[in-house]
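Multiple structures are listed underneath, in C-alpha cells.
Below are two complexes that have subunit A in common, paired first with subunit B and then with subunit C.
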Partner chain A sequence: MTDPLLEVRDLRVAMNSGRTQVLRGVDFDLAEGRTLCLVGESGSGKSVTAAALMDLLPPHARIDAATMTLGGRPLAGMRRAARDMAMIFQDPMTSLNPVLTIGYQLREALQLKERVSNDVAHARVLDVMRQVRIPDPATRLAAYPHQLSGGMRQRVMIAMALIRRPRLLIADEPTTALDVTVQAQILWLLQELQRETGTAILFITHDLGVVAEIAHDVAVMYAGRIVERGPVGEIFRDPAHPYTAGLMAATLDHRTANDARGERLVELPGTVPVAGEAIPGCAFAPRCAYAVAACATTPPEWRSLTRAHGAACPHFRAQQMAEGIAR
Partner chain B sequence: MARFLLWRLLSTVPVMLTVLVVIFLLLHLGPGDPAATLAGDNATPEQIASIRARLHLDQPLIVQFAIYLRQVLSFDLGVSVFSNRPVTTLILQRAEPTLMLATTTTLLSVIVAVPAGIYAAKRVGRFGDYVVMGLSAIAFSVPVFVLGYLLMQSFAISLRWLPVQGYRPLSAGLMACLTSLTLPTLALTCLFAALVARITRATMLDVLAQDYIRTARAKGAGRFRILIVHALKNIGVPVVTVVGTSFAALLGGVVVTESVFNIPGAGRLTVEAILTRDYPVVQGVMLVFAVILVGVNLLVDLSYTLFDPRIRHGGAR
Partner chain C sequence: MKRGYSFPMVFGGTVIAATLLCALLAPMILGYSDDIVMTRSMRAPGAEYWFGTDNLGRDIFVRTLSGARNSVIVGIGVAGLTLLIGTAFGLLAGYFNRLDGAIMRMMDGLMAIPGVLLAIALAAILGSGLYTVVIAIAAPEIPRTARLVRSVVLTIREMPFVAAAISVGSSTPKILLRHILPNAMPALMVQATFVCASAILTEAVLSFLGVGTSPDIPSWGNVMAGGRQFFRVAPWVILFPGIFLSIFVLAINLFGDALRERGDPMLSGRRA
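After this line comes the complex of A and B, so read on.
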C-alpha cells in the first residue's frame, strides 16, 4: 500500500489560549479515493478536527500535532489557499454570501488558488457546475443564493470545493440541514464525484445511516479522542468499543423497534464530558456498563482486532467473549 | 424591482395623509377658538373675525381640510401671523443653512465613522478597538454646546483660523459657505460619527460571525478581501438605515448647534415660531420636516436594493 494522502498523529487542540483541551490526541490516516467518516456525538471534536486541518480555528486556539501532513507536506503554517483541500459546510442556506452571485463565489474559489484568466475561470466554473449536475449553469451564474433551493445551494458549495481540484474534500455534516430525498442525492453525488476525481473525503456526521451509505472507513470520536477505527463493515458487524456499540444500538434500536427479536437496547446513559475537563483514565468510563475500577484512572490501551480495525478498550471484547461462553 | 419601487412609492401616500390630518388638526386641538389662538393675546374681536373669515374657520371641518389640502398641494402654507410673510418663503430662506449643515455633518461622519467602525470590528477586543470605542463614548457624551464653545474658543478666537459665528450662504461662494460651516459641522459630527461608528462596528461583528465569512476564509480569502468583498455589502443595509434616519433627525435637531453658532436655520425658525405661537409657521415647518423624513426614508429603502439582492428580487428577507 502507498503512503496515505492525509496523515494525522497526536493532534491536540486547546481553546482559550491553551486552557480548554478539546482534542486530546487524534490519530488517523486517509488514502486517495477513500472516504473516512468521523462519527460521534456533538462536542466529541469532529468539527474541531476538520477546522484544525483547514486552519479555520479561532485565533485563541492552540494546535499541536506530532504529524499533520497532506501528500507528505506538513499543513502547519501552510497558507489556506495553498492547501490541496476544500471544505463543504453543514448549512448551505447560510454558507453562501447572500450579496454575491453564484458565479462570482465559484470563480473566486478558483482564482484564490490558481492564477487563471477570467475566461479560463469562466469555463472551469461552467464545467464544475455541470459536474455537480446544476441544470442550466450559464443562467445560474448570475443568480444569487436566495434564488436557489437548499439542495441546489449545497451543490454550489460542492462545486466551490471541487473547482479547486482538491486532493482532500472535507464535508462537515453536509446533508444534516437538507430534506431526506435531497440528502440521498447529495450523498450519491459525492460518491460519483469521488469515482470521477479520486479525491479523498473526510466526512463528518453523527448519522450512522449516512455512514453506512458513504463510508469506506469509520473513526468514532469521543471526548476529543478516536476511540475506535476501522473499515465500515467490520465496525458495523463487530464493534470493539462499548461507545460504538452503544451508538449503534441506539440507532439500530430506532430502526428495528418492532423487530421480532425484540432486542431492545437502551439509549446511552449520561452525557459527553465537558471540554477541558481533565480526564486521567477513559473518558467513556462513567457511562460505560463494562467499566472496571482501573478505567477511571489509567488511559485505555489500544487493542487491534485486525490490521485496520482497533479500539481504545481492552475490556469490552474480553467481557463480551466471557458472556458469550457463559451463555 | 419595479414592483418594489411602485409599492414603496404608494406606501408613502397614507403616511403623508396621516401627517396632513394631524398637522391640520393641531390648530383645532388647542383649547378655545382657533381664530383667537391665531390672532394672539391682544387681538380685537374684529381682527379675530377677519382671521376666521380669511381662513374659512366658519366652514365645517371637512371643508376646511379640503381647502387646506388644496393649498398645501399648491405649495401655499399660509402666512406667518408674526411677520406677515408667506410661510413658504420663510422656510425656504431658513432651509439652506440647515440642509447644508446636515449634509456636511452626514458626509464627514460617514467618511470618518464607517472606516473607524470597520477597523474596530477587525481589531475587536484589542487596543485599536478600545481606542475607537473610547473616543466614540467621549464624543457621544460631550454636549454639543460645550464642544461648540470649546471649538470656537480654540479655532476662531485663539487661532483665528475660522469665523466665530454666523453663516455665509452658498450664493457667497462654496468656500465661504463651507468655512462658515466648519466649526458647527465638527461639533455635530462628534455626536453623529460616534453613533455611526458604533452601529458599523456592531453590524460588522455580526456579519464577520456569519457562516459565509467562514466559507470565504476556507477558500483562502485574505483579511482585506473578506472585509471589502464579503462583508462590506452586507453591512450596507443597517448602516444606511442609521445614517438616513439620523440625517432626517439632524434637520430637526440642530437647534442647539444653530443657536451656539448663530446660524439662521430651520431649527431656530421652529423654536421662534413656537415661542411666538406663530401657528402657520409651526404647521408649515412640521409639514416640511415630515416630507423630508418620508423622502429620506424612501431613499434609504430604495438604496437597500443596491446592497441586497434579496430585496431587489422582492424575495423573503
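After this line comes the complex of A and C, so read on.
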C-alpha cells in the first residue's frame, strides 16, 4: 500500500484558549481515491476535525497534532489558498453569497488558488459546471444563488470545490439540507467525480444510510475521539465498539422493521459528555452496558480485529463471545 | 413581500426627483435675482412675487428654490460623509473582535453628547460655510451608523458563505468589501435616507439658532430664520420654505420606509 494522502495522528483541539478540550487525540489516514466517512452524533467533533484541517477554527482554538500532513506536507502553518483541499459546506442556501453571481464566486475560488487569466478562468468555470452536471452553464454564470434550487446550489458548491482541483475534498454533511431524491443525486455525483478525478473524500455525516451508500472506510467518533475505524462492510456487519453497535441498533431499518413487529426502537441510554469535561477513562463508559469498573478510570486500549479494522474497546468482543457461548 | 411600486415609493421618489431637479436647475433658470431691493420689501405673495418678499426685498420664491439646492447639498453631503466614516468604523468593529471595544466605546462617548449641541459647538469652531455645516452635522450622526453597520456585520460574518470565502483563501479586505459590505447595503441605503432627512432638519435648526450657513447662502433653514422676526407681518417668509422642507423630509422618510419594506436579499432571496 502506498503512503496515505492525508495522515492525522493525535489531533487535539481545545477551544477558549485551551480551556475546553473538544478533540482528544484523533488518528486516521485517507488514501487517494478513497472515501472516509466520519460518523458520530452532534458534538462528537466531526466538524471540528474538518475545520482543523481547513484552518477554519476561531482564533481562540488551540490545535495540536503529532502529525497532520497532506501528501507528505505538514498542514500546520500552510496558507489556506495553498492547501490542496476544498470543502463543501452543509447548507447550500447560506454557503453561497447572495449578492454575488455564481460565475463570480466560482472564478474567485479558482483565481485565489491559481494565477490564471480571466479567459482561462472563464473556460475552467464552464468546464467545472459541466462536470457537476449543471445544465446550460453559460446562462447560469450570471445567475444569483436565489435563482437556483437547493440541489443546483449544492452542485455549485461542489463545483467551487472542484475548480481548485483538490486532492482532498471535505464534505461536511453536504446532503443534510437536501430532500431525499436530490440527496441521492448529489451522492451519486460525488462518487462519479471521485472516479473521474481520483480525489480523496472526507465525508462527515450522522446518517448511516448515507454512509452505506458512499463510504469505503468509516471512522466512528465519540466525545472527541475515534472509537472505531474500519472498512464500511466490516463495520456494518461486525461492529467492535458498543457505541457503534448501539448506533446501528438505533437505526430504523425497513427490512428488519422493528416497528412492524411492534418493538420499540432501540435507544442509547444517557447523554454525551459535555465538551471540555475531563474524562480519565473511556468516554462512553457511563452509557455502556458492557462497562467494567476499570473503564471509568483507565483509557481504553485499541484492539485491532483485522489489518484495517479496530476499536477502542477491549471488553465488548470478549463479552459478546461469552454471551454467545452461554446461549 | 411587495412587488411593484407602492404609493410611498412613488410619492417619495417623485418629490425627491423634482427637488433634485430644482436644486440643480434653479440657479440656471432664475439667475441669482434674490438681490436686496429695499423698495419692494415685505410684499405679500401675488402675481409678481409668487411667494412674496422679505424685509430686505428678496424674492422668497427664488430663495426657496435656491435654498433647495443648499439643503439638498447638506442632506446628501451629511448622508455620504456619515455613511463613509460610520461604515468604516462599523465594519472594523463588527469584524475584528479586538477593535470592537475601543471603537464602540469611542462611539458611545460621541453619542453621549446631544447631537445638536455637538453640531453647534463644531459649527461655532469651524465657521459657517456650507461644508463646515456638513461636517458639524455629520459628526454626531456617525455613531448611530457605526452601530447599525456593526450589528449587521456581526450577523453576516457568521454566515457560512463567509467561512466558504475564508476557506478558499480570500484576503480579509476582500471578505469585508466584497462579501460582507454588499450584504449590508440594504440596511445602509435605508439608514442613508433617514440620515439625509434628519440632516436637513438639523441644518434648519442650526440656521434658526444662528450658527448655520450665512444668509447669502440661502437654505430652507436660514430663509426661515431670516423671517422669524417678521412672522406676524410677513408669515410667507417662513411659510413657503417651511412647506418645502416638510414635504421634502416627509418624502425622504417615506422613500426610506418603502425601501425597508422591500426587505433585504438575505431574508427574501432577492437582490437588493
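Throughout what follows, the second predicted complex is superposed on the first by the 315 of 327 C-alpha atoms of A that agree within 3 Å, B and C clash if a C-alpha of one lies under 4 Å from a C-alpha of the other, contacts with A are read in each partner's own complex, and residues count from 1 in each chain.
Heads up, the rule we're going with is that contacts are C-beta pairs under 8 Å (C-beta built on N, C-alpha and C of every residue); 3 or more make two chains touch, one makes a residue touch a chain.
In this text, all values refer to a predicted model and were calculated from it rather than measured experimentally.
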Should the superposition on subunit A be reported as showing a clash between subunit B and subunit C, or a fit?
clash
Taking the superposition as given, does A:Arg307 touch the first partner, subunit B, the second, subunit C, both, or neither?
neither
Please work out whether A:Lys113 is in contact with subunit B alone, subunit C alone, both, or neither, and reply first, second, both or neither.
both
Which of subunit B and subunit C A:Arg237 touches, first, second, both or neither
neither
Overlap of the subunit B and subunit C interfaces on subunit A comprises residues 54, 56, 79-82, 86-87, 89, 91, 94-100, 108-109, 112-113, 144, 146, 157, 160
State the interface residues of subunit C toward subunit A in the complex, per the touch definition above.
159-161, 163-170, 178-179, 182-183, 185, 265-266, 269-272
Show me the residue ranges of subunit A that touch subunit C in the complex, using the header's touch definition.
54, 56, 79-82, 86-87, 89-91, 94-100, 108-109, 112-113, 144-146, 157, 160, 164
Which stretch or stretches of subunit A touch subunit B in the complex?
54, 56, 79-83, 86-87, 89, 91, 94-100, 108-109, 112-113, 144, 146-147, 157, 160
Of all residues in subunit B, those that touch subunit A in their complex:
210-212, 214-221, 229-230, 233-234, 307-310, 313, 315-316
